[in-house]
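Order as written gives the chain letters A, B and C; numbering starts at 1 within each chain.
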Amino acid sequence: MILRSALRIARTEFVASLRDRMTLVYTVLLPLAMYPVLFWVMIQGYLILEGKDRRTEVTVALVDMPATLDVERVSRALESPLGLDAGAPATDALLDDESIELIEGKVDVRRLGAHELEREHAVRDRDGFDAVVWFHDERPTELLFDGARSRSKLARDRVEARLTEYGLELRAVELERAGAQLEDFDPFALETVDLADEKDIAGLLFSLILPMLFVMMTVLGGFYPAVDATAGEKERKTAETTALLPVPPFAIVLGKILAVVWAAALATSLNVAGMALAAEHLMSGLGEAVSLEPPWGAMLRMTPFALVFLFFTACVLVAAASMTRTFKQGQSMLGAVQMLFLFPAIVGTLPVFDLAATNAWIPVMQTSLVFKALLQGSSAPATAGPAAFAIVLVTGLGYALAATWLAVALRRREDLFDEGFDPKTLLSFRRRKLPR
Amino acid sequence: MTTPTTDPIERLAIRTEALKKSFHDPERGVVEAVRGVELGCRYGEIYGLLGPNGAGKTTVLRMLATILAPSAGRAWIDGVDVAADPLEVRRRLGFLSASTGLYARLTPRETLRYFGTLHGMAKPALEARIDELIDAFDLSKFVDQRCEGLSSGQKQRASIARAVLHDPPVLILDEPTTGLDILATSDMIEFLGSRKSESRCVLFSTHVLSEAERLCDRIGILHDGRLFASGTLAELRARTGKTYLDEVFQALIADAGAPAA
Amino acid sequence: MNLVLAILRGELQRLVRDRRAFLMAVVLPVVLFPVLFVLFPSFSRMAAESLDEEETVLWVQLDALSAAESARVRAALADTESPLTVREDHEAVRNVETFQASALDPAIFEEDCDALLVARDGSPPVLELVVHGSRTRSGEARRRVTATLEELLATDREAGLLATLGRDPAAPLELEAVDVAPPDDSLGLSIGRMLPLLAIFLVLSAGSFAALDTFAGERESGTLETLLVQPVPSLFLAWGKFLAVATIAGVAFLLNALGLFACAGFGLGEFAGQPGAVQPVRVLLALVVYAPTVLLLAGVLTWISARARSFREGQNLLFPVMLAAIAPASLATQDSVELDFLLGAIPIAGASLAMRDALTGALGFGLAVWCLAWSAGWALLALRSVASALDAERVLVARAPGSELAGDARFRRAVAWGIASVLLIYVVGGRLQSWSLSQGLAATLWLLVPALAFAVAFDLRRRTGAGLLPTLLGPRRPRALHIVGAALIAPMLAWCAIRWFTWQETWLPAPEAGLQDLASEFGGRGWQLVLLAVSPAIAEELLFRGSLLRAMGTRRPRRVVLWQVLLFAAVHASVHRFAVTGVLGGVAAAVALVSGSTVPAMVLHLVYNGLLVGLEGDLRDSWLPAIVGAAVLGVGLLTLYRPSKG
């Protein structure tokens, strides 16, 4: 009986909120259209910045360069990533080595003596150098840069990459002359075999993003329907009508919660879909050959936990929104509520935390942890056993019921009915109840 | 300039000439809300604008109050052209409508002070005027409470005080009694009578016929954006041959409906 | 001015009195955001540290190594900084001969084993490290073992080099990076990285609360009408309200920024450099360069909430603004992004970067003035729109005034179709082309774009009864003179496009391959022409200069051309090609409008693309007189033979 009334109320609320054109646009159309646009902006921004980076010229000083180094060749090695002695076998071997990253962009090289430059000001002066390579006889060579200036850091990266590369080349060439190879000195060769397959890696990547995304989307998707169903109702003056319905308050609250669950589920799935679509687009736009197959099996196993979390979130949101009287008051809570949900969710995705019976009871974080464990699949730690999963389900439902009880209790308070929530009376639920 | 009414402009508190207003509605295309209204109200007169919902009453009043710009035609308040000098018109006008609210988080006194400042009243004069209004409208009990806690009657009295704060020669009221209880309504009616005795002009719209019957010196019947009849109650009775205002009203509307359809 | 101040005072008084909302929208974020921003880095550092301390277990089987080498490896592994337990004799590797890492059951990593290190015979012997990369601890074990062993290898190489050559030729090139930035610069940078984003959150959170309350809230409480009949110009009202929004937003930002600087000063939180104060001059400069941006955001908020019919609608409208503002502000978090004259001109981005650089003391006078001028310009633009925010007709009636006729509704619908088409082409077409560039492009041009053109045309027919063909191809039969005229303009456009690209490269360098490189992916010249010249000319013109242009109507040609420029540039989805494609779209739209037919626009597009693809951008300067002459003649032909009205 209660459930039937609740479902009926939920359906009415849900349909009513979907009839609102704005809600429809914002829950359905926006996620599908916004993410492609957003990702387009990101791609274009990336391309602009990359183009600018490549074009930026940095000036580097070589100070007190020892005679053992060939100035010409060091400068050439510095000036552009392909300035090595092309054609020499050692150079070609280096260029084929994929571990060496070619950092594009021009470097303008000057050679100076130590007396021509003050160490303190060499890279600090506005018209000074972007980086200074300072050679010493006894000590290792210093690369001076200014960590607070982006151009200087750019110069540092280029110089580091190219001089290291040139050093490798020098060694290879001289060893070749002596009839040796660097590898000859190795006492052993090191090979790494990673047993994780593509699916495991994809699972790991998804486990870093999906839990947080899910929590964020659920809160965002459920927030406005929750405010609409509570504060909005008070504002529209339909609260009295609903209160007069011959159904227990519990059914009304449950109905509202279910409506919020549906709305949040709709918004979440559309948002995730839109984002997945756009993310794939982004990958192809940046020319990356990433074949990330979504972990369908894990996602299926996540469903019951997702539903519990949706229900829990809806309960908390409805309870929180019950404390407000107007839509405005409701919406001003958004920032705080979002933070309260996001923080534990983010903490849960940190690599140190794994699902275990000891932390499975922490609200919100439990969802992050459970998702992570399921997405990592067989790679999940042993602590994530059935006991932990059961704790998540049971406590999640328990919190949801507690929040429902709170929402029902708040609903019965007549002072909330017309004056909104007064923090001072929060703890006195027994005062001034509406007759049942 | 040809004027349809015999009174010269200066002697009329409110006058309109072929006033028109059209809107564009996404669903229905161009909607002509007001289609050429000729209106004239004298000083010391209460003029009632009667008409069913959607007749264009609010649009006419809002054009007179310079909130909306007429699509065509002209209007004068206290001799000032509405389109040419809206600010001057607003200085000579008090406006109050049923949907008018008060700032929930200000007290009536603060509200009066705020609007007085906007009217450019000097501080001592303003405070004196506020005290005067507190006496006149019996606001003293709640003048320093926030408006959100006031009863609808108290709010209405504060609103009226706000509308006449700058002592305007013309008062325009859009359905002022909608949503008021009997006591508040009678306060309102009493107030309207007092304005008349101060030889101010009051133009108000209503769809409560008994109010119009009791208060108005002259009545205009607005239907479908046109003013179909205007005159004293006696004149309208004579024209339709009916006694009671609701019968008069229905007869006039029926007459009007025929050519309009 | 007194009036504006009176309004400002009234607004502020009311805003501050709504204590609960004020607390939640203004006070709470001011306190909460910095706490989180400061706490979170410490938290993730703690997390990383505890990962460092996590016990990992490595099983070794080193029988293939010499005794001395094996002892050395063991000693090195035992000496790692992070706890690494080395165990011997795992059952999976008892028999090295038959051991195959790939055949191993990954389940062994579930208990008490994070990595296996197996030595095999060889010259030199091979050490095989077996891990499971998607497991946190296994990955950690890999990191530790690899680092240790590589250090071992490096030592041996160094020794070998010295033995063979007597010295390491690369020794002088081994660099020790020294950051010479003084601590207050580093501190400034670490604050400057997060302050722009914080500023956006705070200004939008506090500002939207104020903006929604002063407009939508006032509309809902019914006081807006009262306000509008006061003898105060609506401009003053809008200004007063705008100032209230700006004040609340500005104060929230200021409090926050000062709080952050105070935290840094007292050494709270994770800031780079030593705890210490940022120089007050820098703080002041940072606040000054950012001030116009606060005004800009407040202006946008004001404008949007004035447009919203209710609190809720305003709230919905604000969400995209938030997203749009976060993107440019987040540039400041990227250390590699350097402020320059181009970025300085972009709203929010320029000011955010300038604020960061001001805090590190790297902001030069010229750039500071430039950024300030641009953001002040953007703010003024926003303020101009604020002036019309309280247009009573729109505010109260929520319907467009009567002067706007049915044509505008039709135009808006056409623009909506245009935007939807652009999005669909971007998403679906992009998807198709990521599968296969040539086939995807073909499918987009031959199926998707024409389908959209027909859809728009059908919609127009349903609404106005316009025929399908006159919509797609234009209401008039194409005239030969118009076609020739259009073809004659194309070389000029192509020439301009090539010069523009060359010039653009100097200030907006493109990292991507040019059109020519792209073209080479399509095989022979013939195919290139079909895919890159003929197909776009037909398909894109059918949609843009056909259906969409006719759906927009011809009543206000300038507005039509403007939207054609925007839509056509947007559909090409590249900032680097924006200007060039926009110009082509505009010219083609003008041609279609003048000639009353889509065909000349198709010819223009065909010749233009054909020249760019066929000549590979090689339009010589010596041809310029001929190109200009042809263009003049073309314009002449197009304008002289105007079809008679009717």
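In this section, contacts are C-beta pairs under 8 Å (C-beta built on N, C-alpha and C of every residue); 3 or more make two chains touch, one makes a residue touch a chain.
Just so we're clear, the structure is a prediction, and the values are computed from it rather than from any experiment.
Trainee: Using the contact definition given at the top, which chains are in touch with both subunit B and subunit C?
Mentor: Neighbours common to subunit B and subunit C are absent.
Trainee: On a CA-centroid basis, which chain has its centre farthest from subunit A's?
Mentor: B
Trainee: Which chain has its C-alpha centre closest to the mean of all protein C-alpha atoms shown?
Mentor: Minimum centroid-to-centroid distance belongs to C.
Trainee: Distance between subunit B and subunit C based on Cα centroids, please, to the nearest Å.
Mentor: Here subunit B and subunit C have centroids separated by 53 Å.
Trainee: Give, as an integer number of Å, the spacing between the C-alpha centres of subunit C and subunit A.
Mentor: Distance between chain centres, rounded to whole Å: 16 Å.
Trainee: Could you grab the centroid distance between subunit A and subunit B? Build each centroid from C-alpha atoms only and quote it in angstrom.
Mentor: 59
Trainee: Going by the touch rule set out above, which residues of subunit C reach two or more other chains?
Mentor: Counting only residues that touch two or more other chains, subunit C contributes 18.
Trainee: Multi-chain contacts in subunit B: which residues touch at least two other chains?
Mentor: none
Trainee: Residues touching two or more other chains, restricted to subunit A: which are they?
Mentor: none
Trainee: Considering only the defined contacts, which subunit B positions touch subunit C in the complex?
Mentor: Touching subunit C from subunit B are residues 21-26, 29-30, 62, 65-69, 71, 87-88, 90-91, 93, 95-97, 99-106, 110, 114-115, 117-120, 162.
Trainee: Considering the complex alone, what residue numbers of subunit C touch subunit B?
Mentor: Going through subunit C, the ones touching subunit B are 3, 6-7, 10, 13-14, 17-18, 221-223, 225-233, 392-393, 396-397, 399-406, 408-409.
Trainee: State the interface residues of subunit C toward subunit A in the complex, per the touch definition above.
Mentor: That would be residues 18, 20-21, 24-25, 28-29, 32, 36, 40, 43-44, 47-48, 50-51, 54, 65, 69, 72-73, 101-102, 104, 106-107, 109-111, 119, 122, 124-137, 142, 146, 149-150, 152-153, 156-157, 159-161, 164-165, 168-170, 172-181, 185-186, 188-189, 205, 209, 212-213, 217, 311-313, 315-316, 319-320, 323, 327, 331, 334-338, 340, 342, 360-362, 364, 423, 426-427, 430-431, 434, 508-512, 573-576 of subunit C.
Trainee: Quick one: in the complex, what on subunit A touches subunit C?
Mentor: Result: residues 22-23, 25-26, 30, 33-34, 36-38, 40-42, 44-45, 47-56, 66, 68-69, 120, 122-124, 126, 133, 135, 140-151, 153-154, 156, 159-160, 163-164, 166-168, 170-171, 174-175, 178, 180, 182, 184-196, 200-201, 203-204, 224, 228, 232, 277-278, 280-281, 284-285, 324, 326-329, 331-333, 335-336, 339, 343, 346-347, 350-354, 376, 378-379, 381-382, 420-421 of subunit A touch subunit C.
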